[in-house]
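In what comes next, subunit A is part of two complexes: it sits with subunit B in the first one and with subunit C in the second one.
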Partner chain A sequence: MKPILEIDAVSKRFTRTLDVAGRVAQRLGAKVREETVHAVDSVSLTIAPGEVVGLVGESGCGKSTLGRVVAGIHSASAGRILLDGQDIAALTGAERRAATLAVQMIFQDPFASLNPRLRVEDIIGEAPRVHGLVTADALSDYVDETMRRVGLDPALKRRYAHQFSGGQRQRIGIARALAVKPRFLVCDEAIAALDVSIQAQVINLFMDLREELGLTYLFISHDLSVVEHIADSVAIMYLGRIVETAPTEALFEAPRHPYTRALLAEAPRLDQRRRQFEPIRGEIPSPLDPPPGCHFHPRCPKTQDICRTALPALDPIVPGRHAACHFWAET
Partner chain B sequence: MTLAVQGLATHFFTHAGGVKAVDGVDFSVEPGQIMGLVGESGSGKSITGFSILGLIDPPGRIVAGSIRFKGTEISNASEADFQRLRGNRIAMIFQDPMMTLNPVLRIDTQMIEAIQAHETVPRRTAWEQSRAALGLVGIPAPEERLSAYPHQLSGGMRQRVAIAIAFLNKPDLIIADEPTTALDVTIQAQIIHEAQKLTRETRTAMIWITHDLAVVAGLADRISVMYAGRIVEQGATDDIIDRPLHPYTVGLLGSVPSANRRGARLAQIEGMAPNMLALPPGCAFAPRCQHADATCAQVPEMAAVSGRTVRCFHPVSRP
Partner chain C sequence: MTEATLTAPVTPVKVETPFQRFRAEFFESRIATAALATIVLIILLALFAPWITPQNPYDLAQVDVMDGRLAPGSEAFAGYTMWLGSDGAGRDLFSAILYGLRISLAVGVASGVIALLLGMAVGLLAAYAGGRLETVIMRVVDLQLSFPASLVALMLIAILGKGIENIILALVVAQWAYYARTVRATALVERRKEYVEAAACLGLSNTRIIFRHILPNCLAPLIVVGTVQVASAISLEATLSFLGIGLPQTEPSLGVLIANGFEYMMSGRYWISIFPGLALLLTVVSINLVGDHLRDVLNPRLKK
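Presenting the complex of A and B:
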């Protein structure tokens, strides 16, 4: 099947340029320099129509930045995002607009991502009206239908966001994204801020919407159990790079990269009691100053000399599986 | 017995009406024991912790109940008594370590201050104790860290410092309020590992407040589940996680993805947590409960059922 979305060697760098005072200080010999963060470092990923791809990693690994590049909120510093085989950045006019609307994003914090001064009907109805997807007299019915689709009572559409609970607000955010009839949703930690009993409701909603609307998801999360449940395939990120990709079941059955293995072993599970093992040491290093070679080598239990100098490629190990480790075969 | 709480009720008297944030909570913790206090936002789990430490400010007030710490009643203790207890015999770890740490003081200043507030020791001895405490929670190069400011440390390091400060005076009880919620999985595993090791070595009792059942499953000896200000189920970890009886506990555990077949719809608890200003009469969970009937218009009492206590008229029967 032809992929719906391809991420082709995408990098995103953030540079803090020096201000006037900084440049003067530099001229005078002070040790100040421009700082560059390689938030995303040459990441490639292919997503088939109807697929749910889980993107997993810890804070600072670049997963949210990648999601924002895919959704068009950030532009890529290098590389291309292809929708239906076409580079989104190269499109113009109506085609560009259609491509932009086709990819929508759902954010983590349902308290910060909704405009507090707008009524729910405007939050949901503004974009389809502006983009001419519905006529003015059909808008009200369209908003009602969209609200019902995400499990909200249309009678509440004159209310403001603050009059809703966290779970309901997340549903409003989902309705806003759905209102422009997207084909691809980027969900960035979309359930992390919700209570446990509400999380299940929203996960179910995502799965229902996938069935009804044929949506494709890039599901960004730090929560492995959620990703294991809804994703078809998983990509694990560490410090700006993808270190392993695999079909979900294969990954959880036999993780290949030492970092994936650590993540799986250390995620708290209900069936684990009085754990005794020694967790992996150290913390994710600063992306301002990443270690050379394999980024994971300072924490890795299997580090050899080559890991300190050579960057391991994301090698195909079996069809559909890739791992970026010099020693994936030895385990 | 390190701590025995009985009938604790903490209410808030707001303009909008009274909020029974904690309404009749009973539990006890023994030396070296870890109790998981589990609930969703607004269930009263944090207010229970604050009540034990005398940290309830107006419009909130402890309106009933007793809190006995090593046999002494402390629910009506004076502020001077609490100052002797807090940070010394009872310590607290917050979700955000910046609640514990002063951003404009170096780590060593803060740690030495915490020791000298309760004990007359020379500064040098206090410094040595601080260094040892940082080493205990797995901080590499503790001497360097001691002269750092909090903003120079990562989130995980700050939380370790906060834990080191909590353990400094070898307290009898530590109340940890969501201490790993803001941390990454691998860092959370490290912190849980250290906390478990320290409580075992020092025989410190611990109350671990969290919304995450999976965390306390691997950590706690006993679990108390709170809903709308009351404990609804309490017992040994294995009983609560493997054989829950209260419909709310059953629902919470059933809605966790790993309890469901991959890709299937999750079993979900319908509805949402009740408005604490307008709690339903009787059992607060009844409007969301599949087993609810007319009897649930009364508040159920905590009753002993197969080795644990449950607040329910219709505990879920097991095959």
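Presenting the complex of A and C:
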């Protein structure tokens, strides 16, 4: 099947340039320099229509940045985002707008992600009205319909966001995204800030919407059990790079990359509640100054000399399955 | 339990807007309520001065020099009582104060509003444009704020000359930087929030994001700064007028009145300076009290 969205060698760098004082200090021999963070480092990923891809990694690994690049909030420093085979950044005019609206994002913080000064009807209705997706007369009904779709009572549409609970606010955020008829949703830790009981409801809502509207998801999470539950395939990120991609079942049965294996081993499970956990050695290195070669080598139990110098490619193991480790075959 | 809840079993869900909540919190403080009432009273007195005062103190036909320097409570030649006395030219001080308030308030509010709009535009531009433009703007702001406001105003008046427009211009120049700094700081915080990212993701234009999403969320600190700055504009204008470089005698603000009475202070005719001074004090203190309380109510970190 033709992919709906392709992430093609996308990098995102954040550079802090020196101000005048910094440049003067540098001239005088102080050890200040421009700092560049490689938040996302040449990541490629292909997503088929209707698929749910889980993007998993520790905090600071660049998964949220990648999500924001996909959603068009950040522009990529290098690489392309292709929607239906077309580079979104190269489009102009109406096509560009259609592509922008086709990819929407659900945010982590249901409090910061809604404008506190707007009523719910404006939060949901603004974009469709501005883009002329509905006429002014039909807007009210359209907002009602969108609210019902995400399980909100349209009678509450005159309220402000702060008058809702966390779960309801997340539904408002989902309604806002759905109102522009997207085909692809980037969910950035969309349930992480919710109570566990509410998490299940919101996940079910996502899955219902997928069936009803034929949505495709990039589901960013650090919670392996959630990803195992809903994702068709999983990509594991470590320090700006994807280290392993695989269909969900295959990944959870037989992880190939040492980092994936360590992550899975540490996920709490009911049947292992008595065992002692052995955390991955060390800290995640600073993305300001990543280690050479394989980024994981300072923490990896299988480090060899080659790991310290050569960057492992994301090798295909079987179709749909890749691992970026020099020694994936031995494990 | 209140009666309302007992007698009204089916009450519709009460939708409390942020404004209603803010209003309730504001009126919890008696001092702020009293100060606000005083401001409203002062504004009303100033607005309706021609219908309240016994004379128009600047209509020479109504002023009798025989009434000059009468003590408070004396009877004027025209028959009314001068409750606050009269000044050297025979003007009823109560009338003169109300007419002076009109000018002081007008100058303070006009310069405050113009400075607010200017500072807001510059601050938003700095926050949204970033880069070199932001650096230039904010260094200008720093430079401006490193001079005392009265010094800036003095220099400008020296260059421009007297007159109500020039005073307003000088006050705007002396004060826009406070607004610019406040707006920029708030806008920088707001534009990093996820709702702004969501708006960008929804393909909304930059203008729309700035004015409909970021700006309304920057208003709370701006209102606080604005209130305090209007009070300081009024007292700055009074200072300039008292020094004789502010408003001319033909447009007598409170500062001019205080200056006029100053020479009589040592001869025991205290009322000519003191009463306009008290009116100024009451006005500025009331505005500042309201401003301070607004800051407390609008500051999310002090929320109960």
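In the analysis below, the second predicted complex is superposed on the first by the 330 of 331 C-alpha atoms of A that agree within 3 Å, B and C clash if a C-alpha of one lies under 4 Å from a C-alpha of the other, contacts with A are read in each partner's own complex, and residues count from 1 in each chain.
We adopt the following convention: a residue touches a chain if its C-beta (ideal position, glycine included) is under 8 Å from a C-beta of that chain, and two chains touch if they have at least 3 such contacts.
Every value quoted in this text rests on a predicted model; they were computed, and no experiment measured them.
When both complexes are superposed on subunit A, subunit B and subunit C fit side by side without a clash. Between the C-alpha centres of subunit B and subunit C, as viewed from that of subunit A, the superposed structures give an angle of 80°, to the nearest 10. Contact with subunit B, but none with subunit C, is seen for A:Met207 once the two complexes are overlaid on the shared chain.
By the document's definition of touching, of the two partners only subunit C reaches A:Ala127; subunit B does not. In the superposition on chain A, contact is made by A:Tyr160 with subunit C only, not with subunit B.
Once the two complexes are overlaid on the shared chain, A:Arg117 sits against subunit C while remaining clear of subunit B.
In the superposition on chain A, contact is made by A:Val226 with subunit B only, not with subunit C. Ranked by how many residues of subunit A each touches, subunit B and subunit C are led by B. By the touch criterion stated above, A:Val243 is placed in contact with neither subunit B nor subunit C. With both structures placed on the common chain, the touch criterion links A:Gln104 to subunit C but leaves subunit B unconnected. Minimum Cα-Cα distance between subunit B and subunit C in the superposed model: 10 Å. Every residue of subunit C that touches subunit A in the complex is listed here, in rising order: 15-18, 135, 193-195, 197-204, 208, 212-213, 216-217. Remark: subunit A residues 19-20, 68, 71-73, 97, 100-101, 103-105, 107-109, 112-117, 126-127, 130-131, 158-160, 162-163, 173, 176-177, 180 touch subunit C in the complex.
Remark: subunit B residues 40-41, 154, 156-157, 184-190, 192-193, 196, 211-215, 217-219, 237-238, 241, 251-253, 255-260, 262-263, 265-269, 272-273 touch subunit A in the complex.
Subunit A contributes residues 58-59, 165-168, 195-201, 203-204, 207-208, 222, 224-226, 228-230, 248-249, 262-263, 266-275, 278-281, 283-284 to its touches with subunit B in the complex.
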